[in-house]
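Note sheet for the following structure.
Chain lettering (A, B, C and D) follows the sequence in which the chains are written, and residue indices restart at 1 in each chain.
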């Protein structure tokens, strides 16, 4: 169960904490008063608006563990807010989740800080094996959910939601009594839970997470940190969220413009394949040949010549690429169309790296013929085994 | 024999008048599939290559004996199309469409719970019983009739495998692409159960990939009660964690759902695991000898 | 199927047409502009507000077939509206559904009149046998649905709604194409249908009916007449609708105040029973004795002495009652409690009619003893057969 | 034997601390029923006559072996209570509560579809297997163990019938009040199927009433496959059309759902129909001799 969460959180557009809190607040989930700031001046203005401190200044990047990397700081007053924002904005924040290269901080969230009495974990996501939304809650707030699931499974409460009836009152009670919250908080918790669960459907979240959910010393319940991931496939019905889309790097942004399935990797073999499973299998074959792919590029089972040309140009523009492998099993995508695309792409380019081509399936002979006539310099591989041996000999 | 589709399959194509729908319907008919009707709302009375078009599946089913649907409608209408086909009591529903929101699939799968109907997909190439019937988008000519059942989460990778099988002299009983999404209508186990009962299937090739636990569940089922040899390949051994590898379901994270783990589990449950995709044809031949 | 509708329409609080249209309009179902008027003056004011005629003046009573009884009249202008309202308000309207006694008209609905091109029937109710909401539609608009179901079943289109997915687009298409509406009306019809279906859940309707739904000459779709019945059991979550409650007669209104299940009938035997099934069986037994019940009165399986007293007083205050039968099978309601209730009820009353009592079950001896000691004059029946023979001898 | 409840029944009472809940739980325990736990949110730690109270059914089920629920919570919370019991995988759920909105029951019944769980009611007196177990609000002392199964849409009318049966020397295997609402968890047919498989039930008395088609459906089932004699009474022969006779489901209209029609259908399907409720005991005795 625990890692089903992680999976689903990844097939999605990630929102920043401040964006998530805007949406949560819109549905009636209480969050601390606060606003995003893209500069120390803006941060100061937010502090003015919020009034008296203390405040908290939080780096807005798409990765967790920000506190450990120095991305979350308390600030007693307006002056400290500006000073802290100065330090955080523009820093390269390294956390356990960013990898050693870190992430550049462009924005912070400035909020009022609250004295916290107790922390909880609360999330809703899709349980793949049961094909249902599931609410997860734990009194071990602040911890990573996978860590809770591993080390304290008895503290993880799960409520699967049947779409026939939705979130039922008894399930709220299972969670409330399971978390052993103070009786007086029952109605506040139930209201929060109902509103929080509604966020899932309202924005097609693949993951909605509040961690920690806190009870303050004044016995208020607040979403102190929040994470929303939006199902990519459902973005067509949430067009207003598209302006929040950010890409990992300019490569992936450009690929998205061409509707190509591109992921940047760290090897030297540029790879163009049709079909996701085939692309993964080709990566594995490259590894068997002792090399590593520079990218994952799936032009799609039904790609046309234009998609092929765009993909090929994208690969060639990557200076790390020392060899290009085109591995196509023609089904809907005919091999002659593939060849046309490749020829179009390179008509104005000087090719500096060796190219290995393997064409199989529909119209493979015609495709091979077109490539041969094009003057393009390339090596032919007859099947997957030949692909492996050609690459092994080239690196 | 074969599973799910054969000479008696009679298909309605939902989204027949669209570009994809008409192209693939034509390919299926060329392969010999009996496509008897199409559905596109508002286009009743039109024909596509002689196949009459109706406004609704219900209308089509009143005019023709239909037992199978092939769906090409866009993602935002696909959940509706699946439920429409199920409501018309079609027994096999093949949804090619990719990009259906996961919450739509939550409702669709709950709706199908307990109904006498099998959904294949979404986000899949469909299925083919070579020499008999093709209800999908795979290239027909690479297939040959024979004793191997194929079940796969992938599209083109399945073509690769089938091509090798055919070249190795191993024809196929039925090849089923179950789809690459996290929520799908039929799992490996669902399809394996059908292969178990099919006398013409002598062995099964199962093509898995990273992400989820479908392969592990299949391994348990196979060890407990599947009576035929299974050969398996898992794609994505070198996929980095936390990245979505094309298929919505193909992501690994935190040491879970990895190819290595899946392959280990499959081996422990007595399944022949192929390391090199280039050798799956010959290894299958060796494994069933 | 057809008569399941009728059933469910009856376990409900009926709304007047004008009330139904207020709720439909609130959910986005287009209705003709109009308002309720309780006097000819008010009717004139509504006509002023609506502007130019022609208008239609419609009697507001809880019964169908109003047109046939003269309860619906066209009025060309303001003057005709006032005149017509004068005639209709205060009339005793007899329709095929009111019975020969008719119903007093207290209010009218004044609306703009529209030239109609085509009439349809549209309803949503609960299908008992499938336990689901079902939408019913027919191109034979204006007809009674039971009549359509009987004489033109091929014209009746049914769509059962699975609560898992709700009303799906394909079902709207099944209805739209099934009704053979003009293609240009597709989007207007679909929107109307979605809004109309939402009314069911929004107000817990056991029946929502638009008959006729019309296409006007200007190609507008309008709910020309509408009927909503609200599930009695769900009124607790629609308190705002309670002010619209009306009773058939003052007897039933008083009984409702005491939470008694009372229905006025036309015989002479006043009857008090605990439990609905037992009450029906007792009515049948009275008939076997050659008499007819003056009422149905179920004090409830778990009634207390107060409910019994209230019920008994209600029966005694009915001058048509020539004999009172108390038939109690004590379960939760103990027979001694029943006796107390009866004794309380009559302590200040002079009893002019014979009373027959049959007590069975819990504490029946103690109950009989209390009654015997009370000085009340009554006949004891030992079992149902004796009940029948005692009544047969009394009438 | 008996159906649904017996010596092995272990009951949780939902709404135990309420007036009705505590009163009837006491009566059930006095009859010998094993009531092992109660549920009232927020009252964990309390006891009612020695029965411990929990906040949730799940908690109660963790602390005790429970297979049956008896529900007394108010109408506005009853749908929730039924689903809570079903989610805890209790096999028999008896809902006494009357006045549940029909749209709530639509969702509840759809939720229960395909679940291994039997809902009795709502708006019913519950059930009793005389001498073994009582999970309901009927007066225990009028019952005797014996060969007659009783199934009824009514409450007190059932007591009348049972009393006559007992006085005629006919004990009961199990008496089931299925409830008077239009949407109920178990129909006549559902209960008859259980009686069919129960060796200790020799004949069944079925008490119907006006409204709906449950009796007609039962008649068809009985003729087709019910192997034991059935004696029936239908209440409401003199009920006027269009009026709701106490039970939400008991309304007749337009010549449909009338007692006369039901009695005719029952007779045509070989069922012994009793005209005079006062003679149902003796007529049953005659019918099964």
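We take it that a residue touches a chain if its C-beta (ideal position, glycine included) is under 8 Å from a C-beta of that chain, and two chains touch if they have at least 3 such contacts.
This one's a predicted model, so the numbers in the text were calculated from it and none came from an experiment.
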Shared chain contacts [subunit A and subunit D, defined touch]: B, C
Greatest separation from subunit C - chain, by CA centre: A
Contact-richer chain pair (by C-beta pairs counted) among C-D and B-C: C-D
Whole-Å separation of chain centres (CA-atom averages), subunit A against subunit C: 57
Where subunit A and subunit B are represented by their mean Cα positions, the distance between them in whole Å: 28
Interchain centroid distance [CA atoms averaged], subunit B/subunit C, Å: 54
Touching two or more other chains - residue numbers and ranges from subunit B: 107, 110
Touching two or more other chains - residue numbers and ranges from subunit C: 162-164
Graph class of chain-chain contacts, one of line, ring, star, complete, other: complete
Touching residues on subunit C, where the partner in the complex is subunit A: 163-164
Residues of subunit C that touch subunit B when the two form their complex: 162, 164-165, 168-170, 173-174, 177, 183, 186
Subunit B-touching residues of subunit A, taken from the complex the two chains share: 3, 6-8, 10-11, 126, 128-129, 131-133, 146, 162-164, 200-201, 204, 206, 231-234, 236-237, 261, 263, 265, 273-281, 283-288, 292-293, 296, 298, 301-302, 329-332, 360-362, 383-385, 387-388
Interface residues, subunit D side, partner subunit C - complex: 20, 75-76, 99-107, 109-110, 125, 137-139, 142, 152-160, 163-164, 180, 182-183, 207, 209-213, 217, 233, 235-240, 242-251, 253-254, 256-257, 259, 275-279
Of subunit D, residues touching subunit B in the complex: 113-114
